[in-house]
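Shared between the two complexes below is subunit A, which pairs with subunit B and subunit C, respectively.
Now for the complex of A and B:
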């Protein structure tokens, strides 16, 4: 009984402070959730360190839990105890969280700053604002890397070389989920790019994609973490493997491994922030202040100094410069660079939102066969 | 023990075939590595036979024979596979040389009775072999991690430079990373703050519970005991999820105290079990004697009972400490990023960024665990000596 009373009182107190959200004092801690590794390092260098310099009393905590963000946010919501202030998720997860009411909806022009030339945020981010809760940060792609010393004199140039065991014998690593793999399989089974999702909607189309994957199943190492393929490539355990383009950049340019990129049929995806719904007013104010800063034109361009992911703002693209340590031009390593983007594949969020559960089950059953 | 008399061994019909088999085994491994398993097997078998015959016939001194074989194979390894082959050669040479003498001098019967049948001798040695293999499988993964932690590259890979013992292939950079990276240092600090606090609580509560439960007049002893040691039996993920929701409601989720309490609950069963075991050997008449002389129960506990059961308390405490220090599931639920412990950092590190820093930390933790377990073993021996269970 006492607990209940206390909760009620607290709730009432919060409700009253919530009314004056504009002039509320900002919280002095900020918990950011991201993916760890090189990606999180780039965020720390580009966003949180400059912000920390402006607010020396603020305590910023990073939690590397983005991989299980959806499950954890659900649990936090159920327990009535939201401990995260800002969460980095892929666009598909943001859409799910938004649908479930776990992420805060916002007005882009109110929350985010306009571009340096005055273009409002909603136009500057444009189509990348795929959900009312999603603050886009980067464009990344899932693509293949191959060992230059294991493919002979004719390196692969086409996505279908992944399915060609005669020309390129050896293991390949693919992600342990249907997304991307099913599309690539259909593309290499003669389906036109525009028809892939129409075909994949049908039972026969799904069977066709799995049958194509069956032809290389014995030679596939399945990965579940972004760091797996770089490790397998460095080991020489696989000839080629899919992973995020930034991981491959790190393997090639930073770790100097004999690996090269196969940009063909790279699949673009978005990564960005969501603000959990139902934050206390002080935290809400702090997060909004941080997000305004961390998503402005210059900050998004700065992130590209540390990792080869394209900034989500149109106005940031011309500002992308050289790598912070290596001093090489970053533009040619961006997935969006014209030379790399000659043949790209657009990942269909809304389609996958409808079919994901069904195809996940089918794919897992196929894996277990 | 009766004096062991060495039996006569049939060189041609017993030693040579077995040595051929052993040689073929090693030959198969070396041959497979060089892409010719069949040729390797054949050459290995021939080498094994020749080696055994030469050693048994011309080199009666066991020590000289094994040393010579080891050196010989090391040179062969050097020629075949460069400086990295020396280690392989040393191992193969030593094993083959030792095996040859073990068979030809009849030492293989040493552990059995003089009247044991060949079948019994075979079983005795097979049993020892199985034990050795189990030991090997338990230890090998840990031993592999250690050299990899000195890798000069950022991958879990034995590079060619490492295999040929090029100093360039090795570095301390992952150890340096551990000691300079704020993420790892924060995790280490958290672990060092959480584990001792949780251990203190586990030890005090667990010892009291064990003493209480050893009193015959306490009602429902078995039921209480079962509840207290349930954290050890219930799957960790279930305790963790339950604690998460419970602690969230009372405001302990994501706090230092919350993690300490959760780890204390996990450590208590270990303390109860070890202390209860020590209390079995405790003579109750000592407390009665103390009471008879006017000591109150508290004085009796600290002056009489505690010193005698101390080894059990300390070993229970060490188990509780290791439980907290190695625990990842509960802390992932109950803690927040501010309470990130070493195992948590290793867990996320393995998933997101396969960095050999994890191996460096693992090597250090193995060292710490070995120290703790050695302490534990010494305490156990002391306790046995005090209770007169062993003559040492």
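Now for the complex of A and C:
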């Protein structure tokens, strides 16, 4: 059945290819930008290798610059020479690129294929289309992992255990930015989930969040690269630490370290593609063709075979299967799995777009004190 | 004979062809200089284009601020009469909102309103979403009633061709100033969409300005216009008094009540000039507010602290490089060539290893579960419970950076020491000096140029370093350069990054000057 679906979709993709070929000749190179590491590998396996097989003459180039994508795109735009065709960024960056006019706006139902049952793309992706320029691929979460051998007989079950130095002494690692940390601090300071951003909007609320973080400040190792927390956990440098759930999956299942997930109050975030604004017509045609293919229902589900991030389409969820190498069921490792998602927190993009500069200044000043 | 006509005492000396010698020499020299210049021209151009120009461009961003006046040209002018008045002012008059409406209508097409939002959000929180939201709501301002009323008055008003004819007439700008100005925006919008002006019905904002012009301009001004479609215009002028209207001010405030806030308008006004000192003020923990220059609140002051810390740590790193590098360089220069070559390779070996690898190696060594702590625990020097914290703080940064920058100290020291003849020290000793006196009075002064060169290299490299402090600096060991990197790649506040960079550059030049005054730059040698 799955095979049939795939052929059907390939056929659909090929059909659209044909239509485009009549309009504009498609460029024979495609430069994709992503994050490197296991995530990029999953994209290569799920998207670009099958696409390459359909277009043997195409030269696909991968770049690992997503971490600096916003700054580089701005520089390219100023220089008037855009060398990237498709860029993988987190949703917050996509919003900023869209704001700056550096990413192309599109109509989801025109650019993206409908689900296999015919549901239009705009409904299939639903709320995840957070910006007019953003093509969501995955839902990931920032959550905590802890050393099972360092927490005694009662492993942490609540996000507030991170702030409990008596019950769980030792270092914890947190990301060196206000986002997520401020929200968790307020949640554990007794603010209701629905009120977090309202409280954080006020000076007192910000001071309150920082005061809560102050209680563990001496015991925090601050990370800035996604690989830091997994390494710190593997070395036993920290008892618990926040990072992306896919990184923890690889520590737990692939490297078999004594680490477990604390899914409580995991913060959902999105990652996806943007098409740089102002591409030449040939590249535009090529990249639109690729995006159509790479974001269809099957392709998004395929990616979950390689990494534990949830596909952004509703219709892909039932197709998520087993890990390509380990052979374990991937569904229970998805952040969106009902068992993991009993208490989740949704990152508020528009709120942070406004308050990021302000809170970052305060957070950095607080850190430096 | 030409030289016979002049005596050497009362005139300039002449060459064989009658030109004064001085001039002739000058010509020859100039030719030589030109040839030299032509020879170095490619290099000069290369340096100019690839090095000086980008730096100058980057530094210029620290004062550049034309985005406000370019995105909101009409609003900025209309806002000139409005006064912030320490936040007690009311929101501006409706003229300002009408100007804002036209400005944003154009900005929305070119997506510059969101860019302006990000820019102003650096100064006042909330501007980003205010402008994004307003851009989205622009179509729902209710101004279509003007379009409809003009159409009801005369269907010719919705014919693009009529508009083109009317707006191209010479006298129309005096009769309809706002409409003419808005029409320029409309022309740019249509061109940007790739459409033809003669086929596109003007947007609601054109009808809005037309209504405003007809309602505000004295009837004589409209009557003075006699070009094509004058009749159409006259008919409209006498009808607009009966038009149903919509208050743009109310519409804007309804969309977001922030448009009524003097803070928002004060920010727009305060940053409306094409150049700003705002970024430089922010770099030294001050801020430009509508009310003037103020201190940054205590909980946001970070840059002066970081500048101070950067200087302090760079000096410490420089000092530890001198302390560690001097004996090594001394040893290298006094050993037989074969041994010293081998040792020199050992000095250079880490120099050829990736920076990231070396920094990560220090993590492995210094962390709490790391090699050094393990050995100390094993030796019983520290208990397992309180292992030393040696990384993710100032100590870790100083250790890792001293190690990384050590070759930059050793190499100039070594090449200077190589040139100091050993006979001097021997001579001093034979004259009765002790080892210490011979070293301190004879050898050391001759090695000072090497210390100077090494110190300048290490100091300048370390104040601009950011990878190592980022990886091992934790919260107390980060430099100003980490903030610069953050503003370049994350917050996209390039103006602030440029201002911080300019200050850093100025500090380096200043220190260089001080060094020149105290030690003398002639007293620096790389060998």
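Keep this in mind: the second predicted complex is superposed on the first by the 347 of 369 C-alpha atoms of A that agree within 3 Å, B and C clash if a C-alpha of one lies under 4 Å from a C-alpha of the other, contacts with A are read in each partner's own complex, and residues count from 1 in each chain.
By definition in this document, a residue touches a chain if its C-beta (ideal position, glycine included) is under 8 Å from a C-beta of that chain, and two chains touch if they have at least 3 such contacts.
It should be emphasised that the depicted structure is a prediction, and the values quoted were computed from it without experimental measurement.
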| item | value |
| --- | --- |
| Partner chain(s) touched by A:64 [first = subunit B, second = subunit C, both, neither] | first |
| Touched partner set for A:222, first subunit B, second subunit C, both or neither | second |
| Contacts of A:36 with subunit B and subunit C, given as first, second, both or neither | first |
| Which of subunit B and subunit C A:235 touches, first, second, both or neither | both |
| Contacts of A:368 with subunit B and subunit C, given as first, second, both or neither | second |
| Partner chain in contact with A:81 - subunit B first, subunit C second, else both or neither | first |
| Contacts of A:358 with subunit B and subunit C, given as first, second, both or neither | second |
| Touched partner set for A:98, first subunit B, second subunit C, both or neither | second |
| Residues of subunit A contacting subunit B in one complex and subunit C in the other | 67, 235 |
| Interface residues, subunit A side, partner subunit C - complex | 67-68, 70-71, 74, 96, 98-101, 171, 176, 207, 210, 221-222, 224, 235-237, 350, 353-358, 360-362, 364-368 |
| Residues of subunit B touching subunit A in the complex | 153-157, 244-245, 248-250, 253-254, 336-338, 340, 348-354 |
| Subunit B-facing residues of subunit A, complex | 3, 31, 33, 35-38, 40, 61-65, 67, 75-76, 78-81, 83, 225-228, 230-231, 234-235, 255 |
| Residue ranges of subunit C touching subunit A (in the complex, touch as defined) | 110-112, 114-115, 117-118, 121-122, 125-129, 132, 299-302, 305-306, 309, 367-370, 392, 470, 474-476, 478, 483, 488-494 |
